[in-house]
Amino acid sequence: MTTEDRLRQAQEALSPWAQEADAPEPVRLDIVLDRSHLPSAVAALMNIRWGYLVAITGLDLGAEAKQYEVLYHFGSGAALLTLRVRIAHADSVVPSITGIIPAASVAERELSEMFGIRVIGLLDQSRLFLPDDWPDGVYPLRKDAVLEK
Amino acid sequence: MTTGSVPKRFSIPIGPQHPALKEPGHFDFSVDGEVVTGATVRLGYAHRGIEKAAENQNWVQNLYLLERICGICSHIHATAYCLGVEKLADVEAPPRAQAIRVLIAELERVHSHLLWLGVTAHEAGFDTLFMYSWRDRETVMDILESLTGNRVNYSANMLGGVKFDVTDDNRKAIERGVNFLETRTRHYLNVVTTDQVFVQRTRGVGVITREQAEQLGVIGPTARASGVLRDVRVEAPYAAYRDIPVQPVIETAGDLEARFVVRLKELFESYRLIRVILEQMPPGDLNVRMPRRPKAGEAISRVEAPRGELFYFIKSNGADNPERVKVRTPTLCNMASVLVTAVGQQLADVPMILAGIDPCFSCNDRAVTISKAGDATSAVWSWQQLRQYSQAYYRRRL
Amino acid sequence: MKIGSMLVDILRSLVHPPATQIYPSERRPAPDRLRGKLHWNPAQCVGCGLCSKDCPADAIEIITVDKQNKRFVMRYHADRCTYCAQCVKSCRFNCLQMSPEDWELAATNKQAFTVYYGDEHDLQRLVERNTQPDAEPAKTG
Amino acid sequence: MQLKLADLWTNALDQVKTWARVNSPWVIHFNSGSCNGCDIEILATLTPRYDVERLGIKLQGSPRHADVLICTGPVTRQARERLRRIYEQMPEPKFVIAVGSCSISGGAFHRCYNVIGHIDEVIPVDVYVPGCPPRPEAIIDGVVKLLEKLRGAKTQSANAEQEGEWRDDNRG
């Protein structure tokens, strides 16, 4: 199966939920979703056995946009699919996908620790790699984080 | 501890300073007798906050910061970053630079796999193999030092190319070294697959089945030992791999022995690649001019580190500093597999299983907790019974 | 299946010369490209400061002694340096070099790591300026 | 006369102690957040090419058995307490070698939020070995410099004095 076929297959599988689709590079496909559709979209991908979860990236879009963006990268061969979910600063909650991909728990815990995004349905919310004496409520990768040495 | 009743389960904490691994990590194994029933790990001792620091310095400085995420696979981190930034800036490094990048990446893979071979043999109590493999590893360290100017953290990359050329002297030294290492690697492959004492520690231990590997998202040599082809060099070639195809090495057993075999066989592939690159080294410049501020945009670059796929997501807003650099290291994907496969295994095998994925905490600086309750029945045994059981057990194992 | 497959190595090592280098008593020359301590040649420097700007560890400070006559002094921190040679590449006037000789830098105190490079006359002027109480502080950049 | 004999005896004992210490320093290694580069170079010094055991140096697993603590890496917030605890567990007299630029000054990591500083802000350091990472030879050079220092000084008291000094420094 060529890379184009794989991407087409993914696009078809995700078409019920895709709000926008974009191909920034020939091997890449970005699909914007609403967060409520995320678990069903991921389940659809897994049902057709499309690749594996490569990483989850969090982005802080800054004080003007007042939004976070969570990127779920899936890889299958050379094809790279990114599911993009935008959430407001004030309502920073995403559903967990650990019910579908258990290995995602690490990445989701990292996301919630670094950005303070609440992941609903994530069982283990304990501290991952920030120190034990790290102050509560400080999320280092937020753009407005005040970090003292 | 209460007297009168024997506690059902012991918890054995190990680390962060521990004699076996040279990196800090805290493990907690709950055991039932000698069988592991649960495993948790707390990392973060080496968490430095590199992703945030990268947002506060310029693109050139970041190259060296990111290179120092991991001292063992430093070059591949720098390569992933360079490829990403070059993509953002719409610049492509000249073919000769791409070839040199791949040459050093393969030399680094040789050094990393030999290092791993020694460390894992040491975990098994096979110090002879540890010492000999590290003696031979010095060959590739010498090559890297004379080629790049440093034994570790080569700083060979710069944005837009590489810093130095491969001279005829280098070429000869590399050829000599690779020939020597090839015969040694053949010998080590023979040792790890035939030495009875060693095979008993590896065959059938820590098995990750193909299904498990796919489900857990295992990558790199660990996945390839379980029959899952995940190799960026093969699937999505980058740099000079586009011109020099890589033959993937796959094993299906999924146990520790298969992981040894995969890594050692990969060494032969690396030697072949090194020879081909030296033969087909394209002429031309070593670097091109890079703008100091890449255009705004997002780039993803994936490369194959010695431990598996390395993933970089870089976002630029056209300023002096990057907007966001996300690094996903291979150990993060593989760590979950250790904690799952350790359950049900002998405690004595756990260090081997852990070392089997070639973990790198500096890379990782994240943590995983997976606990699974064991279902081993508990009973109070007399000393005699315990002795008989253990003797029978080890006879069964042999 | 066999036992002792590395026995041959061990026996062979008995007759081979040792692999060990007896370092402190015998010093093997380092490769030419080795990146040791940084050296600075003030003759060509125009004070653009690109070296200190690109340094990932803030190991280089260019101190302006006399802006008109382009007199500079460089303060180098060997303990911060990551020995990456980016400064050598960034410098367009080839003022910087990493010495393959100076790599045994271990010291028992940290003062030894701060090194001043520059013309003797400029260094003298810098010292004078720093000892005068009302002098403006040395500008870096 | 008796007093003098006792003095002689202590002097001789001191000399024997120094001799033993200089000829066989046992080391322990702790990584407090380093990139691994220095760690593998320290490991390389133990392997056949450099073989520091010929100098009587032995790598120990437990801090209780060690004379010299070799530290690598900047100190991360999470590792600070552990580093201090390992240092406290070592028996007197104890010595510390900081290996790598980032262990001396933070190096490339000086901008990272979780790096709270360098080794000598947490425990006193006797020898600094810069480099990123230093070559195994340079690490051996650092150890040799420490041994020279030991040979020259009456170790126990000198160490105590130095520690006092260090504490004063920190207060100021």
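So that you can tell them apart, the chains are marked A, B, C and D in the order they are listed, and the count of residues begins at 1 in each.
Assume a contact is a pair of C-beta atoms (placed from the backbone, for glycine too) under 8 Å apart; a residue touches a chain by one contact, two chains touch by 3 or more.
Because the structure is predicted, anything quoted here is derived from the model rather than measured.
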Note: of the two pairs B-D and A-D, more contacts are counted for B-D
Rounded to the nearest Å, the gap separating the Cα centres of chain B and chain D is 29
Averaging only over C-alpha atoms, locate the centres of chain A and chain C and give their separation in whole Å.
43
Please report how many Å separate the Cα centroid of chain B from that of chain C, as a whole number.
31
Two-or-more-chain contact residues of chain B, please, as numbers and ranges.
44, 47, 49, 52, 57, 64-65, 68, 132, 135, 138, 145, 150, 153
Which parts of chain D, given as residue numbers and ranges, touch two or more other chains?
48-49, 76, 78, 107-108, 113-115, 132, 135
By residue number and range, which residues of chain C touch two or more other chains?
19, 56-57, 82-84
Touching chain combinations (by label order)
A-B, A-D, B-C, B-D, C-D
The residues of chain B that touch chain A in their complex are 43-44, 47, 49, 51-52, 214-217, 230, 235-236, 297-298, 300, 302, 309, 311, 313, 315, 324, 326, 328, 332-333, 335-336, 365-369
Under the definition above, what is the set of chain B residues touching chain D in their complex?
16-19, 22-24, 44-50, 52-53, 56-57, 64-65, 68-72, 74, 115, 118, 130-132, 134-135, 137-138, 141, 145, 150-153, 360, 362-363
Using the touch definition up top, name the residues of chain D that touch chain B in the complex.
28-44, 47-49, 60-63, 73-74, 76, 78-79, 82, 86, 102, 107-109, 111-115, 132-133, 135-136
Per the contact definition, I'd like the list of chain D residues that touch chain C in the complex.
48-51, 54, 101, 104-108, 110, 120, 126-132, 134-135, 137-138, 140-142, 144-146, 149
If you look only at chain D, which of its residues touch chain A in the complex?
76-78, 113-117
